[in-house]
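Dropping the structures in below, format is structure tokens.
Here chain A shows up in two complexes: once beside chain B, once beside chain C.
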Partner chain A sequence: MIFVRPPGPVSPALTRRAPCWAAPLLVAVLGGCSSEARQLGPTAPQTRPISNADPRIPAYQANVYQVAQGGRYFGWYGCGGCHAEGATGVLNLGDTQWKHGDGFADLFTAIADRHGRLAYDRRVPVEVLWQLTAFVRDLPAHKAEKRMRTARDQKAEPQGATWSGPQ
Partner chain B sequence: MKRLLRVSLLCVFVSGCGGIQSPLAPAGDQAAALHGLLLLMVAVCGVIYLLVLGGLAWSLWRRRPAAAGDNEPSDAALGRGLGVTAGVIVAGLTVLIVGSFLADRALFATRAQPAMEVRVTGHQWWWRIEYRDAAGRWIETANELHLPLGRTTRVLLGSADVIHSFWVPNVAGKIDMIPGRRNLLDLTPRRAGWYRGQCAEFCGAQHAHMALDVKVEDATTFDSWLAEQGRPAAAPAGPRAAQGAAVFAGPCGICHAVRGTPAAGRAGPDLTHLASRRSIAAGTLPMSRGGLQGWIAQPQALKPGTSMPAVPLRPADADALSSYLTTLR
Partner chain C sequence: MIADLERVPQLDATWRDAPGLWGFLTTVDHKRIAARYVVTALLLMFLAGMLALDMRWQLSTAENTRMGPQLYNESFSLHGSTMLFLVSVPLMEAMALWLVPLMLGTRNMAFPRLGAFSFWLYLGGVLTLWLAHAADVTPDLGWFEYPPLSGPAYSPGHRADIWAQMITFTEVAALAASVNVAATILKMRPPGMTLARMPVFLWAMLIASIMTILSMPAIMLVTSMLIADRLVSTHFFSPAGGGDALLFQHLFWFFGHPEVYIIFIPATGFVSAIVETFSRRPLFGHNAIVLSIMAIGALAFGLWVHHMFAVGLPRLGNDFYTAASMAIALPAGMQIFCWIATIWSGRPRLDTPMLWVVGFLATFVIGGLSGIMTASAALDLQLTDTYFVVAHFHYVLVGGAMFPLFGAFCYWYPKATGRLLSERLGRIAFWLIVGGFNLGFAPMHLLGLLGMPRRVYTYPAGLGWETLNQVATAGSAIAVAGGLVFVGNALWSYWRGRVSGPDPWGGSTLEWASASPTPAWNLPYTPRVDSLTPMWRDGPLRVMEGLALDRREVLVTSVADAAPLYRQKSAPPSIAPLLAALATTAMFIGSIFTPWAIVAGALPIGAALTAWFWPTRPRAGAAEAKA
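And then the complex of A and B:
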């Protein structure tokens, strides 16, 4: 027995137009994608930020991916050795007290030039310093819950001499 | 034209059957067990397929007995046919279950025996490899796994970031590498040669550039290779290499270790015997002086998204650095 669909109009359910709120919803959902846009390809030649209003800052500070890379390098370069959870005074990067100013260029300079013999200006590539600065400026916004989750995520990541990954 | 198309299509399919990255050319006990299971499954399913088609042809061909009144006519041949079908299904499933049970036993046959241990840790996007030598010391290398012929190696699989999957199809089946967990895989290779593995679980932008070179070699060659890997790097020979070593200590030593020098970073691959490997950055480039120089100058152009940053260097320093790296044999 072969069933043949009787001729006639297509059921209205199949032709119904998408509701009017679908397009704005789609835009809102996809809009989130750009907040972690990645720049794939060769590293652009990088220089230090020229001021706290350098036009390149939003590409790092407002990009979740760049901030997260900064977090990863924060562990790899051993920053946590001195600026760990629970550090006090100037070493605490989670409070909103910045000794030398809270602008992007101020903190960039604090990391690159104010670490004495660690000489991060020479040993850390400029683009990584941009990412580290974006991450450090993001830190005061991390609530306890987020810090705990990050710590757990990065538990297995290599941390300089204090490697705690799979043994 | 059409014929040419057909032949080339066939070539594409059949070319996957041999070679250095194929489960159809087993080079180890575990892969052979899985290969046997695969052949059994193809055979059983092939027989079932032919029987189904035969049954279909028979049902089209034969005449249905005429109905007597309102009752469904009794059909002795159909009853027999159904009985045979049920019997064949049960028999086929039984053969497959027994085959799968035996293959499983073969995969784990070596579990209770002592075996050489190797830790393989997945990173975005490379492999950290550590051997435990006879003295109990861990010897680290990366992206190239050597295995002794005919001996069982126990691979301890872990991950440092996201889920990866370890799969060297010629040698064994695949197992996931899960953060916070340890998975075990025993490998007993039986055929010497180079093979290729590839991360088999999507793990980010450069998942496709996360390959693993695998070399199976006879036990004595393996032992001398391992002893060589365990040695610290030789002191740089000549002023250029020495200049390169000095450059390396600054920005590179934070992430990379070269044993025997102050460079002891653990974020990236161990480079102590870098130049003895076949490829750079998990199969992204073949190993060569030019490849190294290109990789150092623009890792983001060759493997976009990798966590190795481009380190700005003066051309003379970059040149000295790459010539130093080629001495790390």
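And then the complex of A and C:
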């Protein structure tokens, strides 16, 4: 029965559950399926990505929920203070120019280790760094107006300096 | 009504559908279309009911782990959206599509192909939601999806789009059905059925249709604005960009409140029909009931803010809408007293349809009373978003609309199938459903007062909520078991039930004049009506001749007096409605992904509509025009 379904990411099991007439549709949306999965609760990465080909990467990079969470943390940690829309040079994250490589692990390192005294490797939990990395790599895929629209919805959330939660 | 012998084969030939699949795809027979609507909606009711049972299972004990939060969110969203948009409203429309021409003694709806189009689009909405669910892209924000939660920032992906587009589908389908019903009732009444002699059922369907026409644009607008915000980054609902998040709630509830009456008013039509027939006397206070329905229909558009008491509107606004919401108790109460007076002064018979009416009266009154409580802004601040609200809306939706619908199903089942439902199984189903429902939902009032919030996937032990939740789950299970008996009864009786004949109950209105099951052309002659209860006159029904037998023709009459005006060609079967629906479906689905789908999709839709409206008779020549 299609309505008794364990939560969590979908996988090959999907093809078993769905009725056969849904097959053509499934082929069409299969890419989209797992990208919609929404996992709440503890998740995989307790460690940094080992390489740009770390097998855990798709679960973040290809998942809209994880990317969107990264977007919220982007505001919370004050990233937008420097990397605002329209920033120039290295500060511009929407231009597909990455100084230290565009791989997942490359950007993860750039965020965690290349921000000097901001020391994100100590201040930001590992999973959040995964989400931030996925978000940042996703940015060039969107038009400027989409990035702005999303940021505006999140304006009421604490932003960097106005953060009042646990330090 | 008995027809001449040679008449029947002629009518058969004229109104026949093509055999086989082609006939299935092209038919414009309102009865076949309505049957499809009913079967699809009942299937969905079953699926959504199983979802509900699953949720109740999860809530039966504290800290249960059957579902996680995400699955629970998806479950109540799918349950609520399905029950309201894909079950309740379409079922009421289907009953209108099926019964309105029969009660008018006419041969088909005013716009036969529009009826077919309506069903195919509805099916598109069903498939959108449930195939997306099969692919695990289930909407998860409840049956109303407020921004900013449903906006681009907090609902990435396509779950919210699926919900919004499912609504677009069902609303276009509902608009098509409603325009059709309203036009049919206003222009195709049989001679003699003046507005003053129109049965309550038809009034109810007319008013519900007009309400649909007036309220649906608001929700189509608001879901389209939501999609625009998500797809092309407009700022309708983004306060930081000059938009207004509350605008969504206003537009949604400007539709959402009338929606519950669009469900409830047809139910009052069923109840009126059943009460009249089974009390064996004309309805007490016909005019009062009709005026009450009109008052409910009008007031329903001035209440929507009672769904927004907690968002912080001005005091005066809250006070006004409290008063307006309570005012609706007057016409609703008036109707109930009229029905009771009819039963009281008649010679009531307690067959299953009437049993459901009794169940409805008892249950709906409880729902109405809790409604008056939630209508009070001050009290609602305590009750909103608790299980008290869950209890309230299930009492009014299930008790106020589903019970009459089940009664209607028992009442008109013989008309549709030619066989009677088993009364014994029907009684068992009745007691299980009504008993189980009350056992399941009454404790939720208490749970709400004890503070249990709605839409939570679990709760900690030790809050004193366990026992009541267990009772609620047990009640739900009993009700679902009753539902299975009900469906089993319908299936069994379809093949094994007692043959009913045209008029097993001694009904008062014209649908009982036709054979059961009704042939494609409905009644052999056009009836003439001289009272509110034409089937109860002494002597045979009077009829008139004059409509062609060798081509599809219907009689058009004047709005107020039903005076015959002219004969109108009735559209024959066509594949065009299906093609138009397919083209529309492609555009709706495509516009989830790219705005260009609207431009590209307009062409196939235009082509399908052109085929649909292609003239089939030559233009009048100059000579003819002069003559």
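In the analysis below, the second predicted complex is superposed on the first by the 124 of 167 C-alpha atoms of A that agree within 3 Å, B and C clash if a C-alpha of one lies under 4 Å from a C-alpha of the other, contacts with A are read in each partner's own complex, and residues count from 1 in each chain.
In the analysis below, a residue touches a chain if its C-beta (ideal position, glycine included) is under 8 Å from a C-beta of that chain, and two chains touch if they have at least 3 such contacts.
This structure is a prediction, so every number in the text was calculated from the model and none was measured.
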With the two structures laid over each other on chain A, which partner does A:64 touch: chain B (first), chain C (second), both, or neither?
-> second
In the superposed arrangement, does A:36 touch chain B (first), chain C (second), both or neither?
-> second
On chain A, which partner touches more residues: chain B or chain C?
-> C
Mind working out whether A:149 is in touch with chain B, chain C, both or neither, as first, second, both or neither?
-> second
Does the superposition put A:77 against chain B (first), chain C (second), both, or neither?
-> first
First (chain B), second (chain C), both or neither: which does A:127 touch?
-> first
Touching both chain C and chain B, counted on chain A across the two superposed complexes | 38, 40-41, 72, 155-156
Can you name the residues of chain A that touch chain B in the complex?
-> 38, 40-43, 46, 69, 72-73, 76-78, 122-128, 155-161, 163, 165-166
Which bits of chain C are touching chain A when the two form their complex?
-> 47, 50-51, 54, 67-71, 75, 78, 131, 133-137, 140, 147-148, 151-154, 156-159, 229, 233-235, 238, 240-241
Of all residues in chain B, those that touch chain A in their complex = 119, 121, 156, 158-161, 179-180, 182, 205, 250-251, 254-255, 264-267, 298, 300-301, 304-305, 307, 309-312
Flag every residue of chain A that touches chain C in the complex, lowest number first.
-> 1-8, 10, 14, 17-19, 22, 25-26, 29-30, 32-41, 64-65, 67-68, 71-72, 143, 145-146, 148-156
